[in-house]
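In the two complexes below, chain A is the common chain; its partner is chain B in one and chain C in the other.
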Partner chain A sequence: MQVFKTFFKILNKQKHQFIIYISIFGVLLGVLSNVGGNERKEFQGSKMDIVVFDYDNSEESKYLMEYLYSLHNKVNVKDDREEIQDSLYWQVIDYVLYIDEGYSETGKLSNIKRDGTKASIYVEEQIAAYQKSFDAYVAAGYSSKEAYEKTIAALDSNGLVGYKGKSSVELPKQYYYFTYMTYILIMLLMNVMAPIIMVFNKKEIKDRNSVAPMTIKSRSTQLIGATAVLSIAVWAALIIVAAIMFKGQVFVGTNALNLLSSFVFLLLTVGLVCIVSSFNLKAPTISMISNIIALGMAFLGGVFVPMEIFSDGILKIARFMPTYWQVKATESLYVDGGLDTFFKCVGIEALFALAFMAIALIVAKVMKERREG
Partner chain B sequence: MSEAVVKIENLVKRYKEVLALDHFNLEIKEGEVFGLLGPNGSGKTTTINCILSLLSYDKGEVEVFGKKMTPDNYEAKRNIGVVMQNVAVFDELTVYENIDYFCGLYIKDKAKRKEYVEEAITFVGLEDFKKFYPKKLSGGLLRRLNIACGIAHKPKLIIMDEPTVAVDPQSRNKILEGIEELNRNGATIIYTSHYMEEVEQICSRIAIMDKGKNLALGTKDELKKMIKNTETIYIEKIEVTKEQLEAISKINHVYSANVEDGKLQVKCSGGKHNLINVLNYINDNNIPCGRVYSELPTLNDVFLEITGKELRDKEA
Partner chain C sequence: MFWHNFKYTFLITLRSKDQIFWSLIFTVILGTLFYSTFGNAYEFEQLQSNIPVVVYLDDEEVQKNFSEMIEGISIVESGEKLLAVTYVDSFEEGKELLVDDTIGFFYSEEGKLKLMVNGNGIQESILSTIVANYHQIVTIMTDLSSKNPEAQMAAIEKLFSETSNNEGISLGKKANMDAYSDYFFNLIAMSCLFASFAGVTFTINNQANLSTIGARKNVSNTGGLTQIVAGLSAIWILLSVMTCIAFGYLLLIGVNFGDEIPRIILTIFVGNMVGLTSGFFIGSIGKLSEGVKEAIAVAYSLISCFMSGLMLQLMKPMIHMYCPIFEKINPAARLCDALYSLKVYENYDRFNENIITLLVMTVIFTLGGFLLGRRKQYASI
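And then the complex of A and B:
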């Protein structure tokens, strides 16, 4: 067990570096997941604090008031000039609308608002859109009630802005956690595990191990064992963080399938690390390569940017990125696609893992042959 | 007669078009300090790597402890210690941990291993550096650590591939003394070097290699007897005529005499009083001269005479 023990002895010597990496990437993962989870809410309407004084008391004015209160928060303030000014100053209210007498005839409105705020422009645009639509329906011969209903329906259907495919679904934070986890796994394992494997792959150390009475099988088994223990520990740590963040929800229902897909992704990352470790690289080079691979895969695979904005050409390239399939697999659990898509994507990830392992073996063989001339 | 610890027959190793070992033969007996002497690129390290089964070869046989050496001959490997040409240690482990790791590949028993590791540390004189990391050690101390990692498990056969390259004189002496002590304790040693002085100092038998061939084999005295030159006399600041130079070359046992930059070089073959004979001639002819000294042939002379070139490139 010399190789196995020494692997962890070396890791222990670099524990400070390891802890720093884990902490940085752990925090990064948490932050990214939270930011990602809030991202889509920006496309929903913001709610303002408003007050409407209806001095027309007509059917039309009541519909307008009803519409505005359905969009915004109603604040109870007396129609007192001083009180209204104070409420606006202390930001208790954002907008005050007066529906003047005769509104049903003239459509006349007046308001009090805070100068230079986006809120007032926002509400005014909503009122203008409502009135335009309502008047059009009335002019077309609809009753006030019908015109109101049709206006509400028409304005409602225009309300959401989003990327095609996911526009109607708000993705949970878990989606972001498990997609961003791909980047974190690559960065962590490349920077922590690859340098240790490389120590054992150094020609001089390898030769000295080769002349000792230790079988190649034993040496390889110990190294693979140590690699497996470390990589599973890193994966388990990230899952524990997820379990804490999402209050155990990661183990419930379809969410639990994220564990499977992330584990398969872990395997392919280990394969990737094995390929990089086959070369005799220096620490700064490993850091550079890990950044190129992790960022490249994250951007092209749709981890950091939604795939919906990709052109067809980029999408074709993205399919060669394992991250693309991990994102697809995670997405299929929350958006349309279902389990068939999920298992298909995870299967492709497994094939990537096998391919990477095979490439690592070939590279190791080529390096050995090159050394022997 | 002692048994052959290593036996190499007709070994051929090619690196693409380059013939690194050309039908190389060698037999190393138990208890020897055997020197493989040759210039850089002569095939010494390739020979070592073939003995250790680190390299596959094209033709021939290698036997260690009477059995064919293969990558899975673990019985033989158990009794071999290797000191690589390049320092082979973990930069991430301390001196103690390094020796413990490599010793642990051979010795499973923890208590015994601890004892062996301590002995190895004392042997190479690294007692004060146990907790040092390799990067903090000087070149000489690093070489000593490299040796300790190779010999801690007390092997019967120790292979040392240029262990003193880039080492200060103090560490070099310590290493050479250590090798002699290991041999006295019963280990057979194969020592490769391109430093002829080291090989002359510690090796009981020497093979001279060049271009993958074994050019000459024997003790240092046997090797020196293989060549014509037995003594070279030097006389500095001398002024001799062409006739006088010719007369010197005709002195009994002298086979060559020439002057370069005012320094006379007289090469002799056999004879016991060559220096006196030459000095008598100088004296009889009132030839003015400076310092006079005589040198016995070195292995470099042997190499020079066999191959026509110096063993080591002239150092600046």
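And then the complex of A and C:
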């Protein structure tokens, strides 16, 4: 068990770095999965984030404000151009409506929006429809109150729009946790495990070990065992964090399948780490490679940004990213897709794991031949 | 001796692959990736024409009214039709075709226009307004039937009026709403803050108990202050130039940073100064090993960029709303905000405020680094 013990002795020597890395990435994962949900505007449905500034304060203006806030989310923003610009830019608000002074007589409104966006056109359409109905009823002789009530009834499309299958649901926090976990796993294992494996791959140490009274098989088995223990420990730690965050829900029903997909992703990450650590690299170089691989896969695989914004060409490239399949697998558990899609995606991830392991073995063999040659 | 130290630190840094990677290659690779992934993402937010829909209307009146209605719907800017309609022969066929890219299925039931969708995204919601408008017209016409003809005419005039009383207000000619630009601002900020790695390495190479070069430098006849100022200046200029080259590359591939190029370059130089001096400060803390100091520098730059929205654009407004103090002191957020204000605002008040904050941070880090590292005695190495 000497190799196995030495592996953890090296880890112990680097415990400060290990603690710093696991703390940063643990915090990142917690924060990401807690705030991640709001990024996907497309899945939020028809409720936009709006602000209405009423400078008329009349019965009519109050009706319009009441109607709009019944359809959309009210956001509190000051009537300050800089704050409005920032909030529209950051997508905190989608539409700002000013009910101008004298609205009850002139019907004059003004707005600030992100020009040409679906969200702004959608809200604008609703305001126009309301205005036309309200004005029509008033012109027909109804009082403001009656006109408002009749307008609300005329605009009510309840029962006219239905879903084909199950309605699309808002993705739960667990979805974000298990997709962002891919980035964290790659960063953590690359920065913590690769430097340890590389110590064993150093030429002098490898040469010394090769003349030791221990078979290659025993040495390799111990090294694989230690790698497995460390990677499973990291994975288990992240699962425990998830179990605490989601109050044990990760083990219930289809949620439990996330454990399977994240475990398969762990295997392919270990494969990636093995490939990288086969080369004789320095610690800063590993940091560079891990950043490129982790951020690259996270962005291209649809972890950090929704895949809906990808062009067809990028979507084709994304299919070569294991993160893409992890995102798809997790998504299939919560939106249309089902278990068939889930197992297909996890199967593809398993193939990635096998391919990475095979590449790691080939690279190790080539490096060995080069060293001996 | 200042220029001697300056020259050799410059050459050492230029030949160090790590630093060149972080400041130049990393930014170029990630910038290319960002640009190819969501360089045109803002267009995705824009309303697209020809939304694919399926239609099956067995009620003649509904069919006639619906056809007239959708004929009139087109996108104002391009004049293109909003809907790309496929008519089918049965309800089942329409339902079957409501898959993948098809957004909605319009059908008639009991004399009413109805819509079937697969989700509740914005496109589906826009389609639902067509059904709502149709329903609105039918309801109002029914309600008006009991009124006298004059009142009916006045109401119909209002109902089908084409004039809009809702006027758009412009936020200025530079106002820009492409939130995806923030990812590129963050990338530049990240490149600047990665100068902290060079700061840590440089400081360790000046400490006799942590490196052999440090031991040699400590017994030389050049004063510590000269060595440090010369070395930091050399690294600062080199890394700033590297970030500027990366920035030039991003401009070349088509990233829109606005037209304030000289001020953006100033921001890059100030950003690298903050990054480098923060690394100098981290490197000067106690007797921690090189690995630990590097890990602290990684944590500092990553968390700073994360809180500024590198991984999740939403982080910046969240921090702005719930912890504005942290946003004020986060160097990555200040850098991003400086670049954002240059692109969006016509005056330089906000930009100047950001640059002054960054310069104050530089002074604090530099003084802190000097105070932690000055007059160190090494009795035994």
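The rule we apply is simple: the second predicted complex is superposed on the first by the 244 of 373 C-alpha atoms of A that agree within 3 Å, B and C clash if a C-alpha of one lies under 4 Å from a C-alpha of the other, contacts with A are read in each partner's own complex, and residues count from 1 in each chain.
Definition applied: a residue touches a chain if its C-beta (ideal position, glycine included) is under 8 Å from a C-beta of that chain, and two chains touch if they have at least 3 such contacts.
Small disclaimer: the values here were computed from a predicted structure and weren't measured.
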First (chain B), second (chain C), both or neither touched by A:Phe304: second
Partner chain(s) touched by A:Leu88 [first = chain B, second = chain C, both, neither]: second
Chain B versus chain C as contact partner of A:Arg208, first or second or both or neither: first
Contacts of A:Val199 with chain B and chain C, given as first, second, both or neither: first
Which of chain B and chain C A:Glu66 touches, first, second, both or neither: neither
First, second, both or neither for A:Thr6, with chain B first and chain C second: first
Chain C versus chain B, contacts on chain A by residue: C
Partner chain in contact with A:Ile216 - chain B first, chain C second, else both or neither: first
Chain B versus chain C as contact partner of A:Gln14, first or second or both or neither: both
Which superposed partner A:Lys113 touches (first chain B, second chain C, both, neither): second
Doubly contacted chain A residues - partners chain C and chain B: 14
Touching residues (chain side chain A, partner chain C) in the complex: 14, 16-17, 20-21, 23-24, 27-28, 31-32, 35-36, 38-39, 41-43, 45-46, 81-82, 84-92, 97-98, 106-119, 121-122, 124-129, 131-133, 135-141, 150, 153-157, 160-165, 167-168, 183, 282-285, 287-288, 291-292, 295-296, 298-300, 304-305, 308-311, 314, 336
Residue numbers on chain A that touch chain B, as the complex places them: 2, 6, 9-10, 13-14, 199, 203-205, 207-216, 372-373
Touching residues on chain C, where the partner in the complex is chain A: 17-18, 21-22, 26, 29-30, 33-34, 36-38, 40-41, 44-47, 77, 95, 98, 105, 112-126, 128-129, 131-133, 135-136, 139-140, 143-144, 147, 151-152, 154-161, 164-169, 171, 175-177, 179, 197, 288-289, 291-292, 294-296, 298-299, 302-303, 306, 311-318, 320-321, 340, 344-345, 350
In the complex, chain B residues that touch chain A: 14-16, 18, 20, 52-56, 71-72, 74-75, 77-78, 80, 82, 84, 86-93, 97, 101-102, 104-106, 149-150
